[in-house]
Every structure is written in C-alpha cells, then in structure tokens.
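Just below is one structure, and these are the notes that go with it.
Order as written gives the chain letters A, B, C and D; numbering starts at 1 within each chain.
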Amino acid sequence: MNTEQVRNDFPLLAANPHLAYLDNGATTQKPAAVIRAVEDFYEKANANPLRGLYDLSQEATERYEEAREAVRGFINAAAAKEIIFTRNATESLNLLAYSLGEDLREGDEIALTVMEHHSNLIPWQQLAKRKGLRLNWISCGRCGVITEEAVRAAVTDRTKIVAMTQMSNVLGTVNDVKTFAAIAHEKGALFVCDGAQSVPHMPVDVRALGVDFLAFSGHKMLGPMGIGVLYGREELLSKMQPFLFGGEMIEYVTREDATWAELPHKFEAGTVNAADAAGLKAAIECYGRYGFHEIVKREEELGEYAFSVLKSVPHLTILGADEAAAHHGIFSFVLEGVHPHDIAEILNADGVCIRAGHHCAQVLMKTLGVPSTVRASLSFYNTEEEIDRLGESLRTVRRRMGYAE
Amino acid sequence: MQNSFYREIVNDHNLRPTHKHELKNANLTLRGVNPSCGDDICLSLFVKDGVIGDGAFTGDGCAISQASADMMLDLVIGKSEEEAVSLAEAFFRMIKGEARPDEIEMLEEAGALSDVSHMPARVKCAVLSWHTLKNLIEK
Amino acid sequence: MNTEQVRNDFPLLAANPHLAYLDNGATTQKPAAVIRAVEDFYEKANANPLRGLYDLSQEATERYEEAREAVRGFINAAAAKEIIFTRNATESLNLLAYSLGEDLREGDEIALTVMEHHSNLIPWQQLAKRKGLRLNWISCGRCGVITEEAVRAAVTDRTKIVAMTQMSNVLGTVNDVKTFAAIAHEKGALFVCDGAQSVPHMPVDVRALGVDFLAFSGHKMLGPMGIGVLYGREELLSKMQPFLFGGEMIEYVTREDATWAELPHKFEAGTVNAADAAGLKAAIECYGRYGFHEIVKREEELGEYAFSVLKSVPHLTILGADEAAAHHGIFSFVLEGVHPHDIAEILNADGVCIRAGHHCAQVLMKTLGVPSTVRASLSFYNTEEEIDRLGESLRTVRRRMGYAE
Amino acid sequence: MQNSFYREIVNDHNLRPTHKHELKNANLTLRGVNPSCGDDICLSLFVKDGVIGDGAFTGDGCAISQASADMMLDLVIGKSEEEAVSLAEAFFRMIKGEARPDEIEMLEEAGALSDVSHMPARVKCAVLSWHTLKNLIEK
C-alpha cells in the first residue's frame, strides 16, 4: 500500500497535510469516490426510490439495491434481504431492542458485557427496566479480555439475548464472538453483535461467525454519515415486528390495522437514504480496491509503531493489553497528573486530533477505575510521521501544564 | 492561541491550588458536575451576615475547571454574596465574549480564562465553579 | 422568478431538459448549492461532531448547530433546542408516537384524519393497539375539506393527541391547523402537525400556528435524503422520554440506569448526520435566495395552469377540490378505463415522471372509493411546457391502450 | 421500448379478455394480490383427472396483470396440471430474462410480455396470475 497515494484519494487529508487525524474510531475521513458517489446520485439518479414507476425512480431504486447487495457481499450474508439500511449502528441496535423486546417476558434475561458502547447497552438496559428483565453482566479483566468462563457464567437457560461488541471502542480488544455466539445458541439465546468498530477494520463474515444480528455504521468505514446497517438472519427478521411505521414498509392498511411488506422493506420506514447508501457502496468498493488484506496489514504495522511510541512517553499508561496486536489500532491512555481534556487541547494546538472522555463507555470506565482517557485510533491512511507527532506532542504536555518534568 | 492557553497563571492554580481542601466550618456546600467531561467539584462556603468569610473546593477535573474554581475563590472570599453573584455574571459574559474590558478587569486573575470564549468545548469547564457558586448562594 | 435560471441551479434538471419531473411530492431535485454543501462538509469539516475537543470536530459541530439554527428560523421556533434532527418525517412521527405513548393509558383517545399519510397514521394505530387506546377518525368530504365540526366531533375530553397533516399529499388541500390546534388545546390534547408537504411549499410559523409538534423531511424541500426534523415545544420535549438510546444523548450511565442529556441532544442518539444537516441549511438558504413569496406565487401560477390543462383532458377526473387554488400544486386524478400504473408507464415513455398508486394513503383511497390514482405534484422549478407535455401525453393514453378514443 | 410495450396483443387481452368472467363449475379458486399496486385477481379452474378443463378470472388491475391472466388461461386450458406448472416456470424465467428462445416460443402470446424483464416495477403485475395458478395447483 502506497500511503501517499492513498492519502491523495482523501480530499480532507490531502488539503491538510499538517493535520494528524487520529480519531478514526469516532468517524473516518471520506475518499473522493464516496463523496462523488453521493453527488452523482443527486445529479443523475435523484428520485424517491421504490415508489416510482418512471426510469429515474427505477435508477434510484437500482442504486439503492446495488448498495444493499454490496453490503451483503461485504459481510457475506446469505441474502440481500437480510440487510436493513438504518441511520447508524445506534439505530440498528435500538431497532433490535424494541423489536426483539416485544417477545420478552418478565424474568427473561439479557447478557451483555461491561465493555459495551452505550449504544449497545442503554437500549437493553431501558428495555429491561420497561419489561422487568434481568441484565447479566459479562465482566472483563483489566486487559479487556472476555473469557469463555465469564460468558458461561452470565448466560443461563433464561437468557434470551446476548449482546456483545466484536471490538472494544476503548481498548481495541477483539472478542471471540464465534465461540460466544455458539454458547448463546446452546442456551437458546440470540446473539447480537455490535460491529461498529470491527467491520471497518477486519473482514467480518456473519455466516462464519454464526451471529444472529450485526450492527454497524457507514461513517466509520469511509462511508457517508447518514447510513447504517442491521444484518439479521432472514428466519429471525421475518418473524419480528417492525419498529418504525410508515412509507413502503406496509402491505395493507385499514383504519384498524396494517400488514407488513416483505423483507427488507418491513424495517425501512419512510423515504430511504438512497444517496448515502450509494456512498456506502463506493466505500465498500474502496475496501476492495485497496485490498482488505493490505488494509489490515498496514493497520497492524501502524499499531505496532504507535504502541512503541506511546510506551516510550514518560508518565503515560496505556489501558488494556500490554501488546500491540491486541489493540487493533485503538489506544486509550492516561498521562499522570493531566486531565485527558487538557491533553486533547494541547495536542489540538499541535495539529493532532484525538479523543478524550468516556468514549460512550461509562460502565467500562468504572470497571477500569478511570473517569476518562485519551484515545488515539488509527486508520490505514495514517502515517508513522503522524504517530511521531502524537508522541512528540505528548512528551511536552506535562511541561506545558507546569510540571517541572 | 490554544498553544499559549495553559499559561503560568492557569497552570499554577491547577497544580498548586490555594483553596483545594475540606472546609471545616462550611455552612453551605454544593456539588457541581459536567457529565460530558467528568469535571466534578464540591464547593463549600462559610457565609456570615451575607459575607463569604471563607471557601474551599474538592474534586476532580481538567486544569481549566480546577484553576477556575481556585481563582474564583481567591476573588470572592471576603466579598458579599451580591458582589459574588455579580462577579459570576461578569464571568459568564466574559466567557460568551460579551464582557466589557472593565468587567474583565474586575475579575482579576480569573480574566486569564477569557480565551475560553473561543473554545466552545471548554466553556462548561470554565463556568462550572461559578455556576455552582451562584446556585449555592441563590437557593 | 426566472425559471430558466433557476433550473440551471439544479444539475439534474439542467442535464435532462427533456425530462418533465412532476413527482415533487415524493422528493424534490437538489440544487447544486445543497450538493456542494454536503461535499464541502466532507472535504473541509468532517469529524464526529459533539464528541471531539479538536478544531475539526468543533467545525463539524458548528456546521451542525448552524443548520439547527437555520431550521429554527425557517419555522420560527422559539429556540434552537426545540429542533431535533431525525432521518425523515417518518422517524420524527414515530419518535413522537413512542415517546408520547409512554404516558398514555388504556381508554385514552387519539384523533387523526382519514387523509393522513401512513407515516402519521400507522405509528398511532399501532400504539393504540399496543396500549388499548381508541382512535377517533376525523373525516373529510370528497373535496378533502376538514371542517371544524368534524374535528370537534372527534376530539373529546379523553383525547390526548390530535395528529393531522397540514397539507394532504394526495389532494393538496391545506388544513386549518391553527384553528384545529386551538380546539385540541381546549380539550387538553396535544396537536401533532405533519408538515412533510406543507413546509416545502408555504411559510410555516410554528408559533403563529400554535402547534405542539411539527414533523418534516429535508429531501422534500431541496435538501439531502438523510435528514428530517422534529420540532417540539421545549416544555413538552423536556418532559418526554427519549426514544433512541446511545451516543451523546446521555448524562450518566451506570449498570442499572441512565440519565439524559439536555435538549436537543436527548433525542439525537448515535453519530449525528451533520453533513446532511449542512445540506439542509443550504436548502433553506436557497428558499431565502429565491424568496418564499416568489416560490409560492410561481407554484400558484403553475398550479392554475396544470389544473386547466388536466381539466381539458377527456375522460380525466381530478380528485378533490374543483378549483386550482385548493390543490397547492398536487393533483391526483384517474383516467377512465386505464389503470394508473399503465398511465405512469406510458407517461414515462414520453419523459414525464409522475406517481401512481395509493400514495401511502390507503385509508383516504378507501374514503375516495378508488384503489389508486395518478399524482402530478409541482415545484417552482417546473414549467408550463412540462405541464403541456403531461397534458399531451395523457391525451394519447387511451388510444395507446387500445381504446377507439 | 416502453412506448411500444402496450402492443395490440396486450391491449386486446386487457380490453376484450376471453376469460374474464365467473366460472360456474369451478372446483379450484384462489385470490392473488399485489398490495403495492392494487392488482387483485381471483382465479378459478375446473380440473378433472389432472387436466385443466376450464378456467376464468375476475378482478382489477393494470393492463399487464389483466392481459397476463387472460393469455395464461388461453394457454393452460386443456393442458395437464404438470404442463401448466412447467409453463409457469418458463414464464418466470422469461420475466427474469433467463428463458431460452424455445421456452418463450412455448408461451405463445404470453411471450409478448418478455419486455417486462426490463421493467422491474411491473414484474409483479406480469407474474401475479401465474403465481396464483402455481399456488392453486400445488396446494
């Protein structure tokens, strides 16, 4: 992979050579191909898809459905109708909580890990509150490793749903969802996988993993902001109740009741965001063009480098695993005596963009015993030079905050 | 601008605060929190006959929130409750970029935080202690 | 208004001079300024808004919040925090049904009109089913007029919500929501206004109308596809439970429970669609540039013309009011002996884009006694010449379908 | 292409259908509906010893759905149930654009609908009667 060439594909990176954008876990930059695909939709194919009987609307529909097929291929789903377009991973997970929640009864249990992003935590927690369900917490050690024992301890015969992220957005650890999905199935529970961080950074094959549902966001994988995905096994989706009502998700409507359209439309209420779906397809094509294998290799390289640079900064502690490979390009750390927000401020002054805070994972923060951390998260388009600048800037922070050294 | 933001005055109040301790004779105490960044301070005052006789704070947070609390107490100890509230108002105006030069003057060292008016993400940190003070006095 | 110049602002229209796009009720075409605003966001300001402490994220946040302020001004809301960004009108209305639904009890009543789009019908209907509520239907005559008596007949002391569209997407009639909102308030009910069709075509002032909530979509008013709006009175929104969970909508999260962020964030879960919000702001600026007064005037002119052209086509019946002004540029019609889908097909062959079907208003179709209709819906950028082509094409339909004449 | 789509043959079957009426001696009846476009047909057959002795339909819908039903009945009346099902399969293949020329030949007048393979929005209209036929025979 020729990083310099790659960076030229990203207008914002090309225009800002002095900016080290290291907040890729929050959202990635967009290649020109993605921006152009959205633009091209509006300039050549803009119409309300699915509803029109004229060529322009057919074209809009085709682009939309081609995007669905591209997503299907990307995660190796069995059928395109198993791909539901949503706004983002958060909406996908809420859809699940509302829709699967319909069938849960008081006393049923939901197992979830302490490392979940709020988007895969609060929907289940609030569902549990509304319906009198029990939440079983799957704990992780300080390294962020979830063991089979921890999962077995939390998943009982009353467990109906196991919700788990495939990659922690704070520690970068990857959970063995294949094994854990099998445990869930042994107990008759469904396995909901949050792929918001994993899908952009490692090949994810829903059938090989055996997960029942997978949620992720386009904007974290080079795509536009308005599109997310919920994958679900057809057999399950077809039995589930729709979540949002209106638009093309119906079959018949009378005053008293309504029946629902077939998959995937049953879960896509209102005018769909075909333009951003087309953008997501272009993003997936970029993965193909760069090569996922190359991307993973490059991100591993950069991760190794970043780990060693961060380790060499005095007073700095990396949270989670003590080896680069376990971080998958996501590094949360603290610097003795300096609040993460002050670090972010100083790094910003040096043109280094990182995140500071609880990273929408307050339960994990509590487990780790820190109120907040700094997080640097990498993408294949980052460079060693940017990581050097991160390191250099970090070395000056304590001095600039008034510490003798 | 941000580069010069952590000036000696802010760093000093952050690293070597005068008023960060428990206050034994406190008769007014209130906790103030910024959930989004985790700033968390507990402000205690000893008020007699409408005058702030003493004050202190404890808690955690970024340099801005900590220094702001310390500078605030430097300023309001010995002042009447009314004066403290009007200083708070002046501080809020400064942070909005709407204060007159003489108001910033009045805020003494706390005026060092005027740059926050260009840093929307840090506004909450700077005003936390002042909001807590105002709530404490007014309720 | 110089229509030729205006059309040059719309890349799709400029590139397809022979296409008569008359399906504006479904979605409008996008001016270059809107497409550029989305592009510009991705090229110059792309970061996850609200979460970052660095300049790029600040820039993203500012563009997002400026868009909120632009929407506030457009509908004259009292405060920007009364503007919630959603995906589309459908999501806005579902948010309301779920969130307001929390406080409703068995036996409570919801009043809604028979002319509602499914998006403002099924959410309430399904809520009623789940909670044992009663739906009171507000009927309209064949002209699509809703009278004060009809509203008074349906709104009782047990009515908690009145849901009504301001403009029918089938008949084009405008309901007197100001009067009807006052009736709702007299009875202690909340008034939910569906502005999906009205906001794009007439100045809407939420305070002058006195509505409690207003829902609309960006894509029907020159904006991008991924953004919608829910306006709600602050006093009401601040008491309501959030709908989607995760992301920046929280304050504290523990294992057991969570507290919510302030308005508007409480209702905006997950990464927000700042790029499309910026596009919506650009759309609103286009309204300002063309002048809403000019737009309305031009659409009235075109409406008059279309009405007279349609009236002159043999065997054609326009549904609803028998005067142009009551249609606000939306004309549903049937042609004796020819199914609407066949008409759409033939018009498409002539380069005329219209819609055929039930227009997501099956309850209204039943009331009108037709299974489906053809709908032509105008925008200020349409031309008399396009309407002529619609008329000419329609005149040939019966012959082309094999009728002697 | 679409301009020439409403050819005489389709229009004829739509405006002057041979088989659109009630069928008194029907022993098999099934309703088929396309909710999205409102096509709605009721198909009746008289089947004896595995052979379709007679057939008819009633209902409403676009020209394509109506003509398709009428042409289908022209074709299957007198055929065995197996032959009818294999004609249906050939028809579905044609609509998907996957039929061999000899299959389209076999469909006689119904082959006039082969253009529908380029009109995704109308596929449902064309296949409605054939799906209904297949369901009726197979269940």
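A few notes on this one:
Methods note: a contact is a pair of C-beta atoms (placed from the backbone, for glycine too) under 8 Å apart; a residue touches a chain by one contact, two chains touch by 3 or more.
Here the structure is a predicted model, which means the values were calculated and not measured.
Separating the centre of chain A from that of chain C, both taken as means of CA atoms, is a distance of 31 Å. Rounded to a whole number, the gap between the C-alpha centres of chain C and chain D is 39 angstrom. Chain B and chain D, compared by their mean Cα positions, are separated by 81 Å. If each chain is reduced to the centroid of its CA atoms, chain A and chain D end up 47 Å from each other.
Multi-chain contact residues of chain A (touching two or more other chains): 52-53, 248, 250, 252, 341, 345, 348, 357. Residues of chain B in contact with two or more other chains: 36, 122.
Under the stated contact rule, the graph of chain-to-chain touches falls outside the line, ring, star and complete shapes. Per the contact rule defined earlier, chains pair up in contact as A-B, A-C, A-D, B-C, C-D.
Residues 35-36, 120-122 of chain D are the ones that touch chain A when the two sit in their complex. Within the complex formed with chain C, the chain D residues making contact are 2-3, 5-6, 8, 11-12, 14-15, 36-38, 40, 60-64, 119, 122, 125.
By the touch rule above, chain A contacts chain D in their complex via residues 52-53, 58, 61-62, 248, 250-252, 259, 261. Contacts from chain C toward chain A in the complex involve residues 11-12, 15, 19, 21, 23, 26-27, 29-30, 34-35, 38-39, 42-44, 46-48, 51-57, 87-91, 93-94, 97-98, 114, 117-123, 125-126, 129, 135, 137, 217, 219, 224-228, 244-248, 250, 252-258, 269-276, 341, 344-345, 347-348, 352-357, 360, 362-363, 366. Partner chain D is touched in their complex by these residues of chain C: 338-342, 345-346, 348-350, 357-358, 371-372, 400-403.
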